[in-house]
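In what follows, chain A forms one complex with chain B and a second complex with chain C.
Up next, the complex of A and B:
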């Protein structure tokens, strides 16, 4: 029975992907991305994120070569994330890992973040680390602060709170690395310090 | 219980308890009548059982994909953009196959555009499109790390029930 369910999942996934792309994607783009998506499927990688990338490229009017390159790059990042996390990682964890690698996390960072929450989904931790980096927090600092709050038993809601608090602090003029470190200290229960506010230039 | 009976009744009770064997001639007459009425001798499916199980599995997967009640439910997520000069605004992202026609925003006043999208827990990349040509990342949301096509996207994260 399990074999049938797995086979059914594969068949329905392939069919839905086909209809999802064929209705919107020009033939040259389909031809360019098809081999990568087929290889990813054969390797057991999630193809939904790759299809999203194709549709994004088509909507943004990118040419077939550029879309194919983006899909290949994402497939490589997903494969690297799976290498770091193992076969039991969820699709969202793999996508989060791929996003983290793109933002500047290393494979070692992915492994450490995953290990900090054994047996639990680490997608949000990876996503928050990635968001901190895109907001200007250095990647090593982002990894350190997320590991710190995870070490203190932070929930997903705590992680999201960290992300939003850092975002607010940065918008208020606090240097990104300082905001992340201080907020992590507060969330993990360490003594808080005064946040040094850098005044914004008045024009 | 038969042990409690007097010996003269024991043979009689044993006879009652024995299932009578069908009379072969009677049995043949009944079956012949049944065949005459069109009653099939045995209901047999024309396809192999394994094929039926496979089809049932495909059906189950399709139903579960369309009705994922077991997962966290979608929740309404508002998206707002200030775009005073735009004639029309839509939102495109992982949640609507990046389809410009799928989710148009409504104008509220002179400058503000808004829409509410029902999203299950997860993380989605998206962008606003002004007048079908001008791409704008959401100023109120984090930027997506990947920018493969030259127009920045944003990300929105929806937490699950147990978060």
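Up next, the complex of A and C:
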């Protein structure tokens, strides 16, 4: 009975996705991306992000070949993220991992970031690392910075604070790598920061 | 005692370099500054402080710490030789706008031609930072204790008409010399741009109980050759406050500065420049409903597509002044957004960082808290 329920749910999900795409995606595009989405579903990967990619491509008036290539690439990134995180990774973690790989993180970076937070959701740490890279922080520096902060026991709020603080510093003219490194040292409690507590009394 | 006091500020600076404290959720800092110049052989200051946020997510920090300062002069007779002081500081610092207010009390010593004076300091002040510019005001009261001296008084005359009677011996007396109380009003304007740091400092020192007020002004620029080593040039007025190092030669200063605990740039002292007319803005309305505003001047039609609208095309409405807006349900997280103007190609919205896009080259990345 349980097998029938699971099978029914899978079929329902597939039909739902199909109807979501069918109502908005031209037939040639559906034909081009269908096999990739079906393969991903069979492999246990989340198909929602793949469907989003199809809809994005259609809205942006990309041709079927380009949309199919983008979907294949994303499916590959999701699979690589699942390989790094394991079968128990959430959809958000897989999407964040795929985004990180796209931004320049390596599979090893994903593994290290996951290991830095055993048993907890790694999605936010990945998203923060990806955001840092987007803002110009080198990928190795971004990974090191996030690992340093996680190693000091940072919470989700601390990670958000890191991201916002680096963004502010960069907007203020600080080089991205310097901003990320210094903020990580501040948040991890390392010595030698430059925050002035008071003006020099004799100057 | 002088040797202990003279070594104290230097050991402060060195100690600050190697000491570090860490508090959960707080900040710890240790900085030191050591300089030598044509006007002052040795000048040092250091800071050791801890800060804790007033509440989680707040930019307000409550800080407490010690700072020390001192210099060794080589002035001629009648000028001060050295100074050292340690201050306890309590400060409230706001991250946004770089505002800070502080109270300080301190003690130390000043060595001049009369001897070693102990001193007490008490003051308050505030500073504000906008971009590369920082303004600072302070008011300090300094109490300099007089120095006790033993003075030998020779007899007024030596009687010579009574043989066998020894002349009166010289008498000694104890005197208290030097000392005083001063109010020091000080203002400083500092500009930091890349490797250059410039300061304009001036003030008025007003002795209590009458006496002439001393007005002074000094300007100085530091060119940082490395994050720690800088070259200092400056010029100042001939009259200086009591606790300033006396000049060896003229009003001009040329020297080197060694800073400990200083990053390549004053990273966190400068908040981002305030954007008067932001290109992209998002405001919370209620729950996940947010007002999205984007500046696209000279457009007849502006459309948006994003993951949070299921990649449908949403038309924005004009809000005047070249601003277009829409109320949309946008959940927290990272979102990819593109806009187009007058039916043209999809592009990164102004004001958002760009991320690689499979179809148009780049899309905007929107982060919602």
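Assume the second predicted complex is superposed on the first by the 186 of 203 C-alpha atoms of A that agree within 3 Å, B and C clash if a C-alpha of one lies under 4 Å from a C-alpha of the other, contacts with A are read in each partner's own complex, and residues count from 1 in each chain.
The working rule: a residue touches a chain if its C-beta (ideal position, glycine included) is under 8 Å from a C-beta of that chain, and two chains touch if they have at least 3 such contacts.
Keep in mind that what you see is a predicted model, and the values were worked out from it rather than measured.
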Worksheet item: Do chain B and chain C fit side by side on chain A after the overlay, or clash?
Response: clash
Discussion item. For A:73 in the superposed arrangement: first (chain B), second (chain C), both or neither?
Written reply: both
Fill in: Contacts of A:135 with chain B and chain C, given as first, second, both or neither
both
Worksheet item: Of the partners chain B and chain C, which touch A:52 in the superposed model: first, second, both, neither?
Response: both
Worksheet item: Does chain B (first) or chain C (second) touch A:156, or do both, or does neither?
Response: first
Discussion item. After the superposition on A, what does A:186 contact: first (chain B), second (chain C), both or neither?
Written reply: second
Practice prompt. Figure out whether A:175 sits in contact with chain B (first) or chain C (second), or with both, or with neither.
Written response: second
Worksheet item: After lining up the shared chain so the two structures overlap, which partner does A:88 touch, if you call chain B first and chain C second: first, second, both or neither?
Response: neither
Worksheet item: Taking 37-45, 55-63, 127-135 or 289-297 from chain C, which overlaps chain B after aligning chain A?
Response: 289-297
Fill in: On chain A, positions contacted by chain B and by chain C
52-53, 55-60, 62, 66-67, 69-70, 73, 99, 102-103, 127, 130-131, 134-135, 157, 160, 163
Worksheet entry | Touching residues (chain side chain C, partner chain A) in the complex | 17, 19-20, 22-31, 33, 43, 45, 47, 49, 51, 56-57, 63, 65, 67, 69, 71, 85, 87, 89, 91, 93, 100, 102, 104, 106, 121, 123, 125, 127, 131-132, 136, 138, 140, 188, 199, 201, 220, 243-244, 260-273, 305, 307, 310-313, 333-334, 336, 338, 346, 353-356, 358-360, 365, 367, 369
Fill in: Parts of chain A lying in touch with chain B, wherever the complex brings them together
1, 4-5, 7-9, 11-12, 16, 20, 24, 52-53, 55-60, 62, 66-67, 69-70, 73-74, 92, 95-96, 99-100, 102-103, 123-124, 127, 130-131, 133-135, 155-157, 160, 163, 167
Worksheet entry | chain B residues within the chain A interface of the complex | 53-54, 57-58, 60-62, 65, 92, 94, 97-100, 122-123, 125, 129, 135, 142-146, 148-151, 153, 155, 157, 159-160, 162-163
Worksheet item: What residues on chain A touch chain C, complex-wise?
Response: 52-53, 55-60, 62, 66-67, 69-70, 73, 99, 102-103, 127, 130-131, 134-135, 153, 157-158, 160-161, 163, 165, 168-169, 171-175, 178-179, 182-183, 186, 189-203
